[in-house]
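Shared between the two complexes below is subunit A, which has subunit B as its partner in the first and subunit C in the second.
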Partner chain A sequence: MSESGGKVNKKRIYPNWFLIIPLLLYVGFFLLPSLMGVFYSFTDWTSRSTDGVSFVGLENYVEIFTSNKDYVSGIFNTLKFTVVSNVLKLIPALLLAIMLQEKMRGKNFYRTLLYLPSILPFVIIGLIFKSILNYNNGLLNGVLEFLQLGFLKQKWLSDLDVVWKSIFGLDAWRGIGYVMTIFIAGLSTIPKTYYEAAQIDGANFWQRLRHITLPMLSGAIMINLVFGLTYGLKVFDIVYVLTNGGPGHATEVMTTYSYQLYSSGQYGMATALNTILLIITLIVGVFVVRKIGKQEVQQ
Partner chain B sequence: MKKTMPKVLKQVFCILLCLIVVIPFYMVLINSFKTKPEAARMSLALPTEWAFSNYTEVIEKGKLVQGFMNSMLYAAVSTVIGVMGSAMAAFVMSRRRSKMYNFLYYFVLCGLFFPVNYVTLVKVLGAVHLTNSRLGIIVVFTSAMIPFCVFTIRNFISSVPVELDEAAVIDGSGPVTLFFKIITPMLKPTLVTCFILQFMGVWSDFLTPLYLSSKSALYPMTMAVYQFFGKNTNHWNYIFADIVLTCIPVIIVYLIGQKYIVGGLTSGAVKE
Partner chain C sequence: MKKKLVSVVLSAAMCASMLVGCGGTTDTAKEDTTAKEETTDEEDTADAGEKTDAAASTDFSGEELSILVSAGWMDNRYDETIARFEETYDVTVDLQAIPADQYDDLLQSKLTTDSCADIFWISSNPFAVDSVIVDPAKYCIDFSDAEWKDIMPEARQASCKAADGKLYGLQIWHNSPEYVMVYNKTMFEEMKLTVPTTYDEMLAVCEKIAAEGVTPWFMPGADGWQHPLAFFQIGGVYEETTPGLYDGLNNNTATFANNEKMLEVLNQYKELSDKGYFGEDWIGTDSSNMQNEFGDRNCAMAMANSSYIKQLQDETGSTDEFGLFLIPLGDNDTYPTNPAGPTMFGYKGTEHPELVEEFFKFVTQTESLQEILDNSPSYTNLDVNDDKIEQHWLPEEEAFMATVDKTKMATSVLQTGTKYTNDYWMDWSADMVAFCQGTMEANDVLTNMDANRAEAAGVAGDDAWK
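Let's turn to the complex of A and B:
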């Protein structure tokens, strides 16, 4: 429909001033800081720069990629977390959603309960699991011992080989319910008749999954990917509370490094790291928004 | 339907999953009533002696009343302004589909991906004299929820028939009456979803207050708990009591609004 067409005067009943407050807030306190961050990433801005900053070119970026402080592994860890945490949540959540979609006693109760962890503050969950994963008196090692599985006991938060598994495990524990709920919402929009027809044709579970469920679920998958990817790239709370980047710098991610740099007053460096994160999310974002755009055109 | 074995297996599997979710919470709850040495063992056994005083103690020491008031203020004010503002914007963007409004929509949508740059955000807040103030924190929370809300609500508005607008205009309503009297009631499911999700989101947020409040008087509950943990690392009985008190408000909101969460996600985000 063109702007001037239609039966009513669009300018009058859909006024532009409805847009002002949200756009102003969004631009002022969301977009502007990000763009300013790009600018400041080329400066020597620190907590002591009271009389202006000066340009240092790519110095901050060179520092990030060449210093011995392991910022590069922080970038790598962020990407690793994003990929692994999403795989670990999406696949089990989809299977759970399919299971809890079928007729089954108590399914609403299970849905409610499985969603519960994802509504609680991550700080809280981090603190709870800091106690559960404690080597000496934590619940997890206690239970393993009780079940005569003492050989599985681990230093969950201080062993370099185990600590990432603990983080991924906790992240899945918290997040699967949320991903599952979105999948259930998507599944409920698929007409039952499709499955009945497939049943008549003798399609098995995997065939139905591949040819009916997955294609019809593309909207829900996309939503989960958007939220999952952006969440993964921006992850902070879980790492900060559970390990604070340790042991050593083994679990440091970009946001925890950035916070450290900010706390020590190295603002220019912090903004450079944030700018790299911005570029990564932009690349991912453009890719996903294109996909969403395509879907809208198709429908 | 024919076989009962898989059914039983499924139930057992679900119950096991639920136990994995529930046991940590049970451990926290039961240990929050124990004395300090007993809580330090973190067992699942009932307390030998119920220490209800943990709660009164922690409310006082952990500055929980102040934290609760701050969290409430941040979450309530920013969600009301953020969701209603986004709904108004989404309404205009959805009804006027010219190039410019589509561009604006995608422009706002970018915010779903952008990471907030807190370092420069602190500088921007300083420029408008909002650093270390409750208003500043509210403004930041409000701004951060706009992309999600505009996205969810706009998708929903497409399903509200334009004929409603036309009828209302013929009856003589202006844009404000049209939006608040006619459109808003139609949007109730998606608005409630946004309110609940954003309310819980603000309540749970940790990073924003970490950067934006250096005064403990501004701390929301999450920060208050974390600070308390830092000062009382070995008092697990207090920490657990603190955790219970911080979780209760979110759990109440969740239980009241849970049907809207699933329902709203269907209509808003998934269906399109």
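Let's turn to the complex of A and C:
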């Protein structure tokens, strides 16, 4: 027993005490500020609080749920974005990954092409697409008119019925390649023999997808889901650069409200909003990891 | 064991090299500071001219001066002056122009995280220094004793001072009619239209213009900051309807909410929006194409400065004649008096305080002021106490000013005449769009402004709101 233990230790590249520095950094720069944030959410901390802060209990939380500013719709929009953006990315990305896993000419080119938008910064995407989606002089409406499809013209970023669709579409365009790459990595670990055996048994594409691909891909699905959920819940960039929460307040999310509150020096309120976001993220994250983790164990 | 020893030695070496690096920087910094202190002492004994020369040749060489500004506040008008400043002092100026709709939030973040540029700008007014910068004594260099301060008329100095009475900013701005209605006089004559002086007349004019397939009133809603002007520039009419309103708003004894005149104006604005008189997609349209729209005769009116006429004629080659009239919403007949404007401040946390001071001194010299005016197509004059400046007043401005009753110029615009109002310009802008799209009520827009102002007053510790 001691021999085998010694062997394991010898195989280790780094000793345990190497963990101390990263752990200290993690606690000091991540865990502690997060906990302090939760603490400050119960205070009246503002940029003018030079004489210290006072405990105000749940006042900030009550304000969030009763204020004229409609922070609740910001919370609802954040949840809506999280669900829709994941559905719009995961399903097409999975199908694309399966397609690009097959033997086809130029598949590496297509993979690169689909991945490229993921490396573009949101600021650049925002600037370009604000111009493309402009109603009067934008490229998209111009092309639609040129193709005699003028009836499809939309006020992409200013119509209440369209603006969220524009954001979802652009987010999917940017994110699908990244999600697809993780799926491709997962797919490449599934032994081909499973598919060959299933084919001999007469299984069609959907049966192979349901009984082989999806169960064997649960690890990659979980990674994408956890990444997607955390990304969706803390969404800021794409909304900020495309609409800045507008038109009116139609596309405000929790982080845009939080940013406004920080900017106006209402730190207590801002941290309260962030604490709500933290709680939602924790609940969703724990639920997803447990649910999918349990499925993995069963397999 | 050997491996462990090697790893420990290597780690120790790495940490030591990092510390050496840090130590080196500190020493250099110390040397720099000492050098600067010595130079400053020497400077005190030298005369002003020598001081500039000495500074240019020795002190600032190689330094970088960063300026944080909202797009449109400096444009190209400072380019020549900045180039001369760079050449004179052998420094580089890093101009960070931020899109207008993001600027306020960004500036606040920069200030509160102690990462601001050496010089920053705000849209200032007599109340803005305290409410926008929040803690001017902490963030701004005190220029109360600066030799250049008297270049600004007293009204402008008020927009550069904080409640503590200290002067922190420098405002170089013009005194032309601001954000009144600019209209295509030639098109009006062709359509046999007369200048509207009431809302009903405006509605009739818009109807006739729209019938000709022309956008009556070009409204760039996507900019965010333009469309609220229609409401705030006519502050005089609110004060006339409810005398003492401004005082009430500043003492927290009056509210925006339930103000009949304000509700009337908001509803008139929505009516124009609903009827399409601001264009097919005013909410998604920015001002980048406004000149072309005027030049191509696609629109007949817009809110702009008087100097805009010359600018659009120069840049579009339009031979049409243009004129000015007062915004007629709420049957307004008051002039938009406004001592406010973009104002620059020196950041107290700067690593180059002397260079910042030199910059302020430099831009207030006659030569620089003339350059700024000459390089500003949108300025026809500079509101400064310097008789050597050659101003460029327009005949249209002079004609318009002759039509305005002087008694109607007493009240300043709402956003700068009342505390904390201007700070929530972009919130108001979003609320106004939401109201026009039917997702908010008019009185909720006004109530939100009251709530926002109360928040700002709370943050500022304003006694009137306690």
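Keep this in mind: the second predicted complex is superposed on the first by the 270 of 299 C-alpha atoms of A that agree within 3 Å, B and C clash if a C-alpha of one lies under 4 Å from a C-alpha of the other, contacts with A are read in each partner's own complex, and residues count from 1 in each chain.
The criterion applied here is as follows: contacts are C-beta pairs under 8 Å (C-beta built on N, C-alpha and C of every residue); 3 or more make two chains touch, one makes a residue touch a chain.
What you see is a predicted model, and the numbers here were worked out from it, not measured in a lab.
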item	value
Touched partner set for A:L160, first subunit B, second subunit C, both or neither	second
Partner chain(s) touched by A:N137 [first = subunit B, second = subunit C, both, neither]	both
First, second, both or neither for A:P15, with subunit B first and subunit C second	both
First, second, both or neither for A:R105, with subunit B first and subunit C second	first
Touching partner for A:R208 - first (subunit B), second (subunit C), both, neither	neither
In the superposition, subunit B vs subunit C on subunit A residues touched	B
Subunit B versus subunit C as contact partner of A:G248, first or second or both or neither	second
Partner chain in contact with A:V284 - subunit B first, subunit C second, else both or neither	first
First, second, both or neither for A:K80, with subunit B first and subunit C second	neither
Touching partner for A:Y262 - first (subunit B), second (subunit C), both, neither	both
Shared subunit A surface residues [contacts with subunit B and with subunit C]	15, 134, 137, 240, 259, 262
Partner subunit B, residues of subunit A touching it in the complex	1-3, 6-8, 10, 12-16, 18-19, 21-23, 25-26, 28-34, 36-37, 40, 96, 99-100, 104-106, 110-117, 119-124, 127-129, 131-132, 134, 137-139, 142, 173, 177, 181-182, 184-186, 188-189, 219-220, 223, 226, 230, 233-234, 236-237, 240-241, 255, 258-259, 262, 267, 270-271, 274-275, 277-278, 281-282, 284-285, 288-289, 293, 295-296, 299
Contact set on subunit A toward subunit C in their complex	15, 46-48, 50, 67-69, 134-137, 155-158, 160, 240, 244-250, 259-260, 262-266
Residue ranges of subunit C touching subunit A (in the complex, touch as defined)	4, 7, 101-102, 104-106, 108-109, 112, 134-135, 221-222, 224, 280-281, 283-285, 289, 423, 427, 430-431, 433-437, 439-440, 444, 447-448, 451, 455-456, 458-461
Parts of subunit B lying in touch with subunit A, wherever the complex brings them together	7, 10-11, 14, 17-18, 20-25, 27-28, 40-44, 81, 85-86, 88-89, 91-93, 95-98, 104, 106, 108-121, 123-125, 139-140, 142-144, 146-147, 150, 162, 165-166, 169, 174-175, 178-179, 200, 203-207, 210-211, 221-222, 225-226, 229, 236, 239, 243, 246-247, 250-251, 254, 258, 261-262, 265-266, 269-272
